[in-house]
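Next come two complexes, and both contain chain A; in the first it sits with chain B, in the second with chain C.
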Partner chain A sequence: MNAVKKLRLPHYLLIAAGLLVLLSLVRVVDGANDVTSSGTVEAMLRLAVPIFLAGLGGLWAERAGVINIGLEGMMILGTWTGAWAGYQWGPWIGVLAGIAGGALGGLLHAVATVSFGVDHIVSGVAINILGLGLTQFLAGLVFNVGHAKELGGGPRQSPPVDPITKISLPVLSGGGGTPDWLGSLEKHHWFLVSDLAGVLRGLTHQMSLLTLVALLLVPVSYFVLWRTPFGLRVRSCGEDPYAAESLGVRVYRMKYAAVLISGGLAGLAGAFLVTVAAPIYQDGQTAGRGFIGLAAMIFGNWRPGGLAAGSLLFGYTDAMNVRDGGQAVHALLLFVAVLLVAVAAWQAWRRSFLAAGLAAVAAVGLLVWFLDSDVVPGELVSFSPHLTTLLVLALASQRLRMPAADGLRYRRGEAR
Partner chain B sequence: MRRGLKVSLVALTGTALTLTAAGCGGKKAATSDQKTVKVGLAFDVGGRGDQSYNDSAARGLERVKKELKVTTEEISAKQDEPDADKESRLRLLAGKGYQMVIGIGFAYTAAVLKVAKDYPNTKFLVVDADQCKVSGANVLGACFSEEQGSYLVGAAAALKSKTGTIGFIGGVNVPLIHKFEAGYDAGAKKVKPGIKVLPGKYLTQPPNFDGFKNPALGSEAAQGQLDQGADVIYHAAGGAGLGVIKTVGAAGKWAIGVDSDQYAQPALAAVKNQILTSMVKRVDLSVYDFVKSVGDGTFKAGTKQYNLANDGVGFAVSGGHMDDIKAQLDDLKAQIVAGKIVVPTE
Partner chain C sequence: MPDAAVRLTGITKRFPGVVANRDVDLTIERGEVHALCGENGAGKSTLMKILYGMQRPDEGTVEIDGEQVVLRSPADAIARGIGMVHQHFKLADNLTVLENVILGAEPRRFGRIDFAAARAAIRDMSARYGLRVDPDSLVQPLGVGDRQRVEILKVLYRGAKVLILDEPTAVLVPQEVDELFANLRELRAEGLTVLFISHKLDEVLSVADAISVIRRGTTVATRLDPAEVTARRLAELMVGSELPTPELRESTVTDEVQLDVAGLTVRTPEGRAVVDDVSLRIRRGEIVGLAGVEGNGQGELIEALMGIRPAASGTIRYGGVDVTHWPTRRRREAGIAYIPEDRHRHGLVLEAPLWENRMLGHQTERPNARGPWIDRRGARRDTARIAAEYDVRTPGIDVPAGALSGGNQQKLIVGREMSGAPKLLVAAHPTRGIDVGAQAAIWDALRAARAAGLAVLLVSADLEELIGMSDTLHVILRGRLVAEVDPRSVTPEDLGSAMTGAVS
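Here is the complex of A and B:
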C-alpha cells in the first residue's frame, strides 16, 4: 500500500461539493425533491444532535483512556432528570438537570473504573442496566401521581416539557417576519442552485437554540482538547498514563474530569431528546442512540469533526426514513450506484480487480433496481440507516487509530 | 484493593438488579378480600398516559371501578417485549384469581387465546382481536370499524383543507392501521373528489412497534407532510401522535386525533385549538360492556363489533371547530349506518 496522504480541509470541502452536485443531479433525474430540501436538512440536524452529543461524550472519556459503554444509561438518566426538572421549571432548567443527571452516571463510572479499577465494559453495562431500571422505577413513583398525572404523566412517561425556542436567520431564511430568500429560491427546484439554497436554509431555519449549542461544541471540544494544557493532559492519560504520571500529571484527576464531562454530554443528549425531539420523557426513548454515538465516534476517528460528519450521515438517512421515505430513498439508490461506479474505477486504477469487480456488480444491481421501480418499499426504507452504518463503518475502518491506552487498567504508582 | 473492587462490583450489580426488578412491577391493587370482583387489565405498548389508545382503555377501567365497585389492577407492557412476556403477564393476573382479564391491543390476541384455555373459569377480553377472530367459551374479542369513523374525519379533513392537500400518519404498518387510512382516504374523496391525499406515512415496520409510542418519530413525519403542503393531518399512531399533534399545532394547521377525544387530553392542552376533531374509538365502552356483562351474567363468548351504528366509533366535536360541517357529516354517518355507503377497509 502506498503512503496514505493526509486529507486537509480543502479536500473535505471539495468532496462535500462533489457529493452535493451528485445529489442535485440525482434529485433532478428522479424528481425526488426531498433529497436536498430544507425540511430534510432540518430533520437531519435534529436527529443527528443526540447521536453527536452521545458520541462526544464517548470521545472525551476515551481520549482520557476510559471506555464509556455506559453512555446509553447516562443518556437515559439525562432524559429522566431533564423531563423531571423541565416540566416544572422550564426547558433550560431541564437541560441543566439533564447534564447533572448524566454527570452523576459519569461519576459512578469514574469511581468504579478509575478509583477501583473495575473493567470498563462491566461498569458500563451495569450503568446501562441501572439507568434503565432506576428511571423506570422513578417514573412510576413521580410521574404517575398527583399534579404530574393531571398534566398528562404516567408510569412510562412524563408530563410534556415546553419546547426550546427556535430561531431563523433574518432575510435569508425568514426569521422575524423578514423575507425568506433561500426559501423562495428552493421552491424553483433549479439544478444545484435550489439544492444549495435548500441545504443553507435547512441550516439556518427554525433551528433550536440547543442545536446551536451542540454545533458550537464541535470547535469548543477541539479547542479544549487540542489547544489547552488541560486538554493535552487529558489526552496524555489516554495515550500513556504512566508517562503522564512521570511528568507530574495527576492522572486520576484528569480521568475523573473527562468521565464527568463525558457523562454530562450524554446527559445533554438525553435532555435534547426531551426538550427538542419529543416533548416528553418516555421509557425506552433513547433507542440505542448511545451506542450509535459510539459508532459515530469510531467512524470519526476519535476526533470531533469526524464524529460530527458521522452523526450527520446517520441523521440524514434517518431523516429520509422518518419523513417521506420511499421516493427519496429511491433517488438515493442512483446516488449510491454512481458512487460505486467511482469506487470501481478507482479500484481498477489501483489494479485491485476483485474489489473493482464487486463494486461494479453492486452498482449494476442498484441501477437495475432503480430503473425497475418507482419507490422503495417501507420495510427497506426503515432499514436504510442501519445499512448505511454498516457500509460506512466497513469502508471507513481502514484509517482509524484509537488512543493507545484506551480501556486499559491504570493504577497510580505501579510499574507498567 | 481487590476487596474494594469486589465490593463495588457486587454493589453495582446488586443495585442494578433490584432496581430493574422494581421497575417491572405493575401498580398493585388495593387490599381485597375473597368476595370482591377483581379485574386485571394489561396495556399495550405506550401504556397509560399515551393520551390516545391506552388512555381510552384506562377511562373504561376507571368507570368500571367507580360504577360497578370492582377492584382493578393494571400492568403496562414493556418496549420490544416478546410474546412470552405478554402471556406470562396474563397468566399472572389469571393465576392471582382475577375473574376478568383484559388484554388491550391486537398483540395480545394469541396470548389471550392460549392462556384462556388454562383458566376456564376466568373471562377474557381482547380488544382489537387480530383478524377479529377468537375461540373458546370464555373469550370475547372486541372489534372496531375504525374505517367508518375514519371515513367521517376524512370528509371533515377534505372540507376544512384550504391547500387541497391532506395527510395521514399511521403508527406501525399493520393491517389494523390500514383500515384507518382506507376509510380516511375514501371519506375525503367522497366529499371532494379532487383532494390530494398524501401517501400514508407509517412510522415503523413490524416487529418494531416504536411507531405507536415515540413522539419524536411522529413529529418528524408530520413536518415532512407539512412541507409537502398538507394542512390537515390525521394520525393513527397512539402515543407517537403526541408529536404529530404538537408539530402540526405549532405550525397553525389542523390535526385530527385518534382513539380518545384528544382535545380533552391534558398533555395536549397547549395546542388543543388546532385539534379539528378526533376519531373516537370507544375502547372504554368495550371494557365497560365486558365487565358489566360478566357481572350480570349476560356474557357471551365470540366477537362483538363496535361501529357507527352502536356509537362504538365516531368523531369528537369538542372545541366547536366542526359546528359548520357537522350536519354534513351526520348525513354521511346516516348513510353508512343504513348501508348506503360501504366503507373500504383496504
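Here is the complex of A and C:
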C-alpha cells in the first residue's frame, strides 16, 4: 500500500500552473500557436460543457448507487424537447424543456431499476435505444409538417433555435465594444504571457450564459452532495443502502430523486447542444457524448471537480480535432513526452520499475516521432480524443474508487 | 401502573423453512436494563428487528408506551424513540465516522449540515461514554472494536428512549463493557430503557435488571430476577445443558516451530507503525493467545500473517519456509486456516448458498475442486457434514448464508476452516456471537486439533476463553507485545489491566 496524501486546492493550482508553463514551452519550441490560443480554449469549453453535464448526470445517479448508462438516450431526448420548445418559445424555455425531457428518461430509468429491480445496464441500454427511436419518430411527425417545415424543419432536423446570449468580459476580452487587452497580448506570442492571455481570453470571450450555468454547477453539486443532509443521504444510498435504511433514510425516494436529477442534467446537456453548440436539433447530434461523459466521470473519481477536469481534457482534444490542429497536436507530442518522463521518474522513485520502464519507452517513442515529423496527420488527430481516454484511464485507474453499492439491486427490508 | 415501554404480544414470524418467532410475549418496563438470552438461531435478532420496524411480524402486536403501533420501517421506529445497534455492523465504509453517525438525523444550519456541531456532539459523547473514536476518520480502516463503538454512538446520538443492543459487546473487552453499562445506567435514571442481547452470561447477570430467555422461537422464561438465577440455570434454560468452561487439560506442545515471526512491522498508508517489531513463535500443538483491547494492532498482525496486508519489515517463517512475500492463496494452500474478525466483511458471501461459501478460501482443494474443475457434489456433501458436525441450524445447504442467524454463520466459518487438516489456525474471535452450547463444541474441536498438532494464534475479547484456551499468552498494546503472562495463574482482572497498560 502506498502513501495516499490528500490533494487540496493549492496543489491543484500548482499542478495547473506547471502544466501551463510546459504547454507554453512546447508551443514556443514548435511554433504551434494554436496550442494555447483563445480560439482553442473557447472551443474546448464549448465542447467540454455537454460532456461535463452528461458526466454530472452520471455522477448524481451513481452516487446514489444507480448506474446510468442511459445518459446518451436522455441527452437525445433533451435535444429533441429542447429544440421543440426552443424554436417556438425561445432558447431558455428550450433549456427547461430539455431538462424536463431528460428527466422523463431519468424517471423511466428510476422506475425500472429502483422500483422493479431491472438490471441497470439493461435498462440504460433500453433507454438509449428508446431515446433515439422516439426522437427520430417524433421529428418526422412534428418538424416535417406545416409551420415547422416552413421554418426549416425536416424529418431529421428541427427549425433553428435562437442561440443563447454570449457575453464577453469588458475591457479585458472586448465585451460591449470595449478594448480587448488580452486579445492584443495574445497576438505577441510571448512565452507564458501570451499563453496566459490566450487561456484567460478563451475563458472570458464570447461565453454563452448557459456555459456559465454549467460552470456554476461544479460548486453547486459539490455543495449539495457533500454539505447538505440531502446529499449525505443520497451518497449513503450509493455506499450502503441497508445501513441507510436502518437509520430511517428513505432509500427509494433518494434514489428516485438522484436519478431524476441525473436525467435532468443529461437533458440539460442535450439542450446545450441545441441552444449553444449548433442552434438546431439534428439526428445523431449527441455523437456518443453521453458515454464520454461517463468516462470523464470515472476519470474524475466520481467527484465534480475531477469530472470537470476530465471534461476539459476531452474538450481540448476534441477542439484540436475540429480546429484541424495537426500542428498543435505535433507540439503536444513533446508535451506528453515530457509528462511521461516525469511519470517514469516518479515511478522509479516509488520502485515500480516496470511502470517506470514502460513510461520511459513511451516517452522516447513520442520524442522520436516528434523530431521525425512536422505535423500529425489528420486521421490521427481525429483519433486523439479516444487515445487520450485510453491513456488517461490506464494511468488514473489505480486510484479510483466507485461508490461501494453502485449498480447493486436494493430491496427494502432485505437487510441481514 | 404506568404503561410498559414496550409490550410485544403474540408475535409470530415465519421464514421459508423456519419459524423464527412463535407466539412471543414480552414486556419491557420503562427505565430497566432488560437482557435477552437464547441459543443461536433462537430468534432474538428477528424479534428485535420486528421491534425496530425492519421485519413485519406475521402475527401479533407491538405496543410502545401503551399505544399499539404498526412499524413499517426503521423510520417509524426511530420516530417513536427506538434505536438499535445491530448484531452485524451497518456502516458505510467510505463515509466518515461522523457521516455514519449523523446520517438521517443531521444537525442543520441554513440548510447545510452543521459539521462543527456534529463533531462537538460526537466528541462530547465519546468522552462521556468512554467510546473513543475519531469522528473524521473513514470507517474503512476501522477494526471491529471501533466499529462497535461507532454503532453504539449512532443510537446514543439519536437520543433514543428505547435502546436495542444486539450483541453490542461481542468484541469489547470487559473494561469497555463496564464503562458502557455504567453510563447506560446513568441514562436509565433519565428514563432510558435498554434491551440487550448477549451470550456472555456473566455480563448479563451483572448488568441486567431483568432477564428473558428465548428458545426455539418462544420465550421459555420472562423477567427473571438476576439476583435469583445463576449462570448455570440460564444456560440450562437456553440450551438445556451444562455451562461449559474453556480449559486445556494436558499440554500437547511440541518442539517443532510451526510459525516463527521475527521483528514484524506493519504500517498504515500514512506510515504509522500499527504492528511494531513483533516477534512470536507458535509450536505445533500450541495455542498462543493474544490479549489486547481492540485496535491495538491485532487485526493488522493477523492480516499480515494471512498476506492481506504487506509487512513493512520483518520475516514470517512458516514451517521453516520464509513466506513473508507469499500471496494469501499460497499461504492458505500451504495449510493456514483463517477465522476473520468480521464474518460479513471477510468471511462469507451473504447472497451465496452455504455450499458455495464452504468453498471460499479452499476453492482449489479437495473436496471442492478436482483438477481445474469445481466439484459440486464433493463440496455439497462436505457442507452437509460441516452443518451436522458443527450444529449449524439451517433448513438446508442451499439457503443463502445471509439467512442464517449470526451464530450459525460463525459456526459455518469455523467448520470450514477446521476442515482439510490445517497446520496453523489464525483465529479472531472464533466464538463471537456463539451460544454457550455451541461454544463448548468449538472448544472441543480446537482441543482435538491441537492434540493432533495444530498450531493456533487466538485473538479474543473473551478473557475467560483466552486464559482457558491458551498455552502461552501475550499482551499486545499499541502494536507491541508488551508482556507474556502465564495463563495458568493470571486472573481476568490482572489480564485486563495489563491490556490497558495500567501495569506492565
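To be clear about the criterion, the second predicted complex is superposed on the first by the 413 of 416 C-alpha atoms of A that agree within 3 Å, B and C clash if a C-alpha of one lies under 4 Å from a C-alpha of the other, contacts with A are read in each partner's own complex, and residues count from 1 in each chain.
The criterion applied here is as follows: a residue touches a chain if its C-beta (ideal position, glycine included) is under 8 Å from a C-beta of that chain, and two chains touch if they have at least 3 such contacts.
The structure displayed is predicted, hence computed values, not measured ones.
*Asks:* With both structures lined up on chain A, is it a clash or a fit for chain B and chain C?
*Replies:* fit
*Asks:* If we overlay the two complexes on their shared chain A, which of chain B and chain C does A:89 touch? Say first, second, both or neither.
*Replies:* Touch partners of A:89: none, neither chain B nor chain C.
*Asks:* Applying the document's definition of touch, where does A:240 land relative to chain B and chain C: first, second, both, or neither?
*Replies:* second
*Asks:* Which angle, in steps of 10°, is spanned at chain A by chain B and chain C when each chain is reduced to its C-alpha centre?
*Replies:* The C-alpha centres give an angle of about 140 degrees at chain A.
*Asks:* A:132 in the overlay: touching chain B, chain C, both, or neither? Say first, second, both or neither.
*Replies:* first
*Asks:* Looking at A:412 after the superposition, I want to know if it touches chain B, chain C, both of them or none. Which is it: first, second, both, neither?
*Replies:* second
*Asks:* Please name the chain, chain B or chain C, that touches the greater number of residues in chain A.
*Replies:* Chain A has more residues touched by B than by the other partner.
*Asks:* For A:279, using the defined touch cut-off, is the partner it touches chain B, chain C, both, or neither? Pick first, second, both or neither.
*Replies:* A:279 contacts chain B only, not chain C.
*Asks:* Output check: A:12 vs chain B and chain C. Expected answer is one of first, second, both, neither. What do you get?
*Replies:* A:12: touches no partner chain.
*Asks:* Quick check on the superposed pair: does A:227 touch chain B, chain C, both, or neither? Answer first, second, both or neither.
*Replies:* A:227 sits against chain C, while chain B stays out of touch.
*Asks:* Check the superposed model and tell me the shortest C-alpha distance between chain B and chain C, rounded to whole Å.
*Replies:* Least C-alpha distance after superposition: 17 Å.
*Asks:* Sort out for me which residues of chain C touch chain A in the complex.
*Replies:* Chain C reaches chain A through residues 52, 54-56, 73-75, 77-79, 84, 86, 88, 90-95, 99-100, 102-106, 108, 111-113, 154, 269-271, 309-310, 344, 350, 402.
*Asks:* Name, in rising order, each residue of chain A that touches chain B in their complex.
*Replies:* 34, 37, 39, 42-43, 46-47, 108, 111-112, 116-118, 122-123, 126, 129-130, 132-137, 140, 143-144, 149-157, 159-160, 163, 273, 277-280, 282-285, 287, 319, 322-326, 378-379, 382, 411
*Asks:* Help me check something: in the complex, which residues belonging to chain B touch chain A?
*Replies:* Per the stated touch rule, the residues are 1, 4-5, 8-9, 12-13, 15-24, 27, 46-51, 76, 78-80, 173, 199, 201-205, 208, 210, 213-217, 219-221, 223-224, 227-228, 239, 242-243, 246, 250, 265-268, 270.
*Asks:* In the complex, go through chain A and note every residue touching chain C.
*Replies:* 1-4, 223, 227-229, 232-233, 235-236, 239-240, 242-250, 401, 403-404, 412-413, 415-416
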